[in-house]
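We just call them A, B, C and D in the order they show up, numbering each chain from 1.
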Amino acid sequence: MSSGSLARRLFPGGHLAAFAFATLLPCMAVAGPPLANEAATLQTLPSQPSPHWVWVNDIAFFNMPDGRATLVDGDKGTVLGMLSTGYGYVGVVIPKDRQAIYSPESYYSRGTRGVRADVVTLYDPRRLSPMQEVAIPPKRAAILSTSSAAALTDDDRFLLIYNFTPAQSVTVVDTRSRKFVGEINTPGCALVYPTGPRSFFSICGDGALLEVSLDDTGHAASIRRSAKLFDSQKDPVAEGGVRVGNTWWFTSFNGMVYPFEFTSQGVTVGQRWPLFSAPEQAQGWRTGGLQYLAAYRRSGLLYVVVHQGPLATHKDPGKQVWVYDLKSQRRVQRIALRHEAGSILVTQDASPLLFTCFLGSGALQVYDARTGRYLRTVESVGQTPTFMVSP
Amino acid sequence: MSSGSLARRLFPGGHLAAFAFATLLPCMAVAGPPLANEAATLQTLPSQPSPHWVWVNDIAFFNMPDGRATLVDGDKGTVLGMLSTGYGYVGVVIPKDRQAIYSPESYYSRGTRGVRADVVTLYDPRRLSPMQEVAIPPKRAAILSTSSAAALTDDDRFLLIYNFTPAQSVTVVDTRSRKFVGEINTPGCALVYPTGPRSFFSICGDGALLEVSLDDTGHAASIRRSAKLFDSQKDPVAEGGVRVGNTWWFTSFNGMVYPFEFTSQGVTVGQRWPLFSAPEQAQGWRTGGLQYLAAYRRSGLLYVVVHQGPLATHKDPGKQVWVYDLKSQRRVQRIALRHEAGSILVTQDASPLLFTCFLGSGALQVYDARTGRYLRTVESVGQTPTFMVSP
Amino acid sequence: MKLLDSLCERSARQLARRLSRRSVLGNLGAMLVGASLVPLLPVARGAQPHRSSAEPKADPGDPTQCDYWRYCAIDGFLCSCCGGSQHSCPPGTEPSRITWIGTCHNPGDGRDYIVSYNDCCGKSSCGRCLCNRNENDSPLYVPFRSNDYDWCAGSQSGIPYNCSISRIIGVAK
Amino acid sequence: MKLLDSLCERSARQLARRLSRRSVLGNLGAMLVGASLVPLLPVARGAQPHRSSAEPKADPGDPTQCDYWRYCAIDGFLCSCCGGSQHSCPPGTEPSRITWIGTCHNPGDGRDYIVSYNDCCGKSSCGRCLCNRNENDSPLYVPFRSNDYDWCAGSQSGIPYNCSISRIIGVAK
């Protein structure tokens, strides 16, 4: 047996005892070969990410110059690495081919003052190191994060970034040439929701949509303002829509589901339906959080974070996730969470995980998305985690 | 009485009740003139700081690009303002005339990567805004903070900044011309302790001092290496010395007091004496923390943070402050703290305050330095507060 | 709320015109018309009396507390805890040049006030007295009713955000 | 400790020479001679058995825990919690080119090992598994025995510090 465990037997605990013993050790004979010397090595990631990995974006609200994204393995409950991503960070954008990580970032020459530089940094997804930087106009919207602040067109060709100076526009970056293409003005309309290889819409303050189609150079081919699709004054839809095929699913502050169905002809609102029954509304059930919707596309399920509270609690986290069948428009499951959640994400594989996090906590929770069973917590994945992205 | 309090009488609490009532308010008559409109104004500070103000430096160890210094009013328990001071921040340097705040800072063009720029930023002490920036070589030592990493000569003319690349040197900045003067190599020796208008010493790894005198242009006039003044292997002195007149007071890991007395002829070690009696040493009493010494110069008192623990707890905080008379070399007071302290500062006015903080907590505590009576806590003065400076 | 909206509409339009003249940026006027159509909302959290204010006052409550009446839709660090006040910015920061507009109920005089939420800009997050209340907060696509924007955008200091103030700019008659 | 120092001195000097040849920076040799004169210290915290290791192993303990034997003088975030390991850096960081040297006692084989504390550089603080143990830590004026330096200084990535590793570079015979 080792003299170390002997030491513990002889001197359980006590600092001084251990000390007295340790000073004698060099003089004692030791069995077995010593441990080999080690070089300082560097980890890299496998070429294909696991479907159970997730990126957690962190705006670091108490220290905004230090935004970051942290990559977590949901099965092992470990952190795989991180990116440092600058001031007032929103989040990473992942192309379907996973050959790069796109990160719209802002920096000041003196941290919080001096000259502002906005860039899209391209990171190597295996080395998590910068490969290239694309300069863009210093107009990126400084907002509390939402996944709709930046997105790729369906063919991954063009990166779209919402600007607010407070003039509203969308920056277009060509991912092939890795160059800034230009800006598309979207007066009165915000955010970007892709609807095809060359099209997206923004949501306008009056409840209409601005439907934009691009040409193959990334410039606007057509811009069309739709009719008013919802009442942005009385019952606005939250920004955090989720896409399933050719439908963007939104829900309103009062719990009405709005399917924005799009074709090459444009966007129309499909049949609306309520998340909450009259009794549930009477009990004050409502949606709340930041990324409070998630879709499991294989089964057409909508996961919704809910809580009980008055009007104006639409940003409050919830301790329940209600699961709806998008076809039958019925609730099929209630998941009771261990911890409050403001954001959720469901993986799209055959045995999906449900990830939850909350601005007010640095921890990530992992659940079985089918049974709702709590699996594990990953501590310290950020200071104020905002929303999650699948790598 | 106001309809607001009426509302509360009629509808104690309940959101919906309050709501129903609020909707009627616009139709009700209201007595008295309305509150006047307000312009957005900007606070400035009085020309003379209170002796009970204190700067708390924060390295923000979990978010190091966002270093800062926060100015606190110890009487009111309020925060007066802050400075944003870049990556791996050490601390502010205050001249005797209080006409500027000198802040050695480091920045990267991309937050944590890109081109490094080291500067001394001069802040207006009333507006807390940058007045000027002096570029210095990007060599500033990146260390867990100590007040001896940068200092002014006694006449405030030259700012001295310790460099570690790992080659060791001292950067000299002329505060009159506000320009970088040059570098003084200090091989094997670290930090800066002023000893006069044109002189300072650094401490060398072997327990000697490097005594440097400057000419009126800020260049080295003479560099002399002293004899070995203490045993840096067996019982090193901690960096956090405090100055009283022509003596720098240090204490060793084992609690021996070392007075480094300096004249124009150089530095000598005065009579050494122990902080702890044999019984106290047997009980494991020792010093610990970061800025764990403070001096009250009017009365020649030395304040020391102490705790009980084994060797290698020299960085652990303490819950007691022992006060010694530097003349009689006797302990004159024990102060029991409300909270663990790693750093302390005593104000130099006639009714001095004792400030305490700790890396592991964001809060600052305020005590009466004479009676040791706890006065108040100021929450959230930083993420990982390091050491304090009097403005 | 239908009745109320119509009740408010007239004064809201007047407010909109007043604001659009004040606005420093060309394209703000139109947006502010929308922004100013604010239904009067309850200020339940704001109406809670603060311990320190026993007597009803004209401007009751503690500006360093999140439940202060005029913070009914603030989202960020209270400048009152950061070296400023409810309507002044801490030393070395800059009041944002654009703001968003809300309506809060003052339990002291029973009036509803139009308040402007300015951010103070040019330093890092103050980090004290974080307060988030969302009465009448709207999604990001209604910018001038949304507290999720960093209103330092458009200020000389740029987007670095230090803290938030809430100043009175009119009575909602 | 006097006896011990003299016991160690010979092998320490050999180590010093070996290291100074390895060192990438010219003026390190001399400093490392001083740096390597490390008395063998107790590793009380490191010797505490970790729950998960019932059987004594050659390298016992959990590298994601602060009480792991070879962390006896580490100060920072454990790379083992950050996408690296006890001797490898997380993706996208760079191992520091200069380090400080310590001696930790391995309770698994009873040997004392010379370990090199490398920092991993080029990203912001990992923020996980903060661990500070100070066996044989010296003040800043003995740099190569001090854990208060950011050892990313001198690396290509510059000073931005992500996390710390502790790798075996020899046995203290």
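FYI, contacts are C-beta pairs under 8 Å (C-beta built on N, C-alpha and C of every residue); 3 or more make two chains touch, one makes a residue touch a chain.
Values in this document were obtained by computation on a predicted structure and should not be read as measured data.
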Pieces of the assembly after leaving out chain B, positions unchanged: one piece
Pair sharing more residue contacts (C-beta pairs) when A-C is set against A-D: A-D
Cα-centroid distance, chain C relative to chain D, in whole angstrom: 53
Whole-Å separation of chain centres (CA-atom averages), chain A against chain C: 29
Chain B and chain C: spacing of chain centres that average the CA atoms, whole Å: 36
Of all residues in chain D, the ones touching two or more other chains: 1, 41-42, 44, 122-125, 127, 160
Multi-partner residues of chain B (at least 2 other chains): 15, 19, 62-66, 84, 87, 111-113, 310-311, 383
Pairwise chain contacts under the document criterion: A-B, A-C, A-D, B-C, B-D
Residues of chain D that touch chain A when the two form their complex: 1, 4, 7-8, 40-44, 47, 49, 56, 58-60, 81-85, 87-95, 105-113, 116, 118, 122-128, 160, 162, 165, 167-173
Chain D-facing residues of chain B, complex: 61-65, 87-88, 106, 108, 111-113, 116, 141-144, 146, 164-168, 187-191, 202-206, 232-234, 236-239, 310-315
Chain A residues within the chain B interface of the complex: 15-16, 19, 60, 62-66, 84, 86-87, 105, 107, 109-113, 117, 119, 121, 130, 310-311, 383
Parts of chain A lying in touch with chain D, wherever the complex brings them together: 1-8, 15, 18-19, 22-23, 25-28, 30-32, 34-45, 66, 68, 71, 78-84, 123-124, 126-129, 379-380, 382-383
Of chain D, residues touching chain B in the complex: 1, 5, 25, 27-28, 30-31, 34, 37, 39, 41-42, 44, 73, 75, 98, 122-125, 127, 130, 132-143, 148-150, 152-154, 157-161
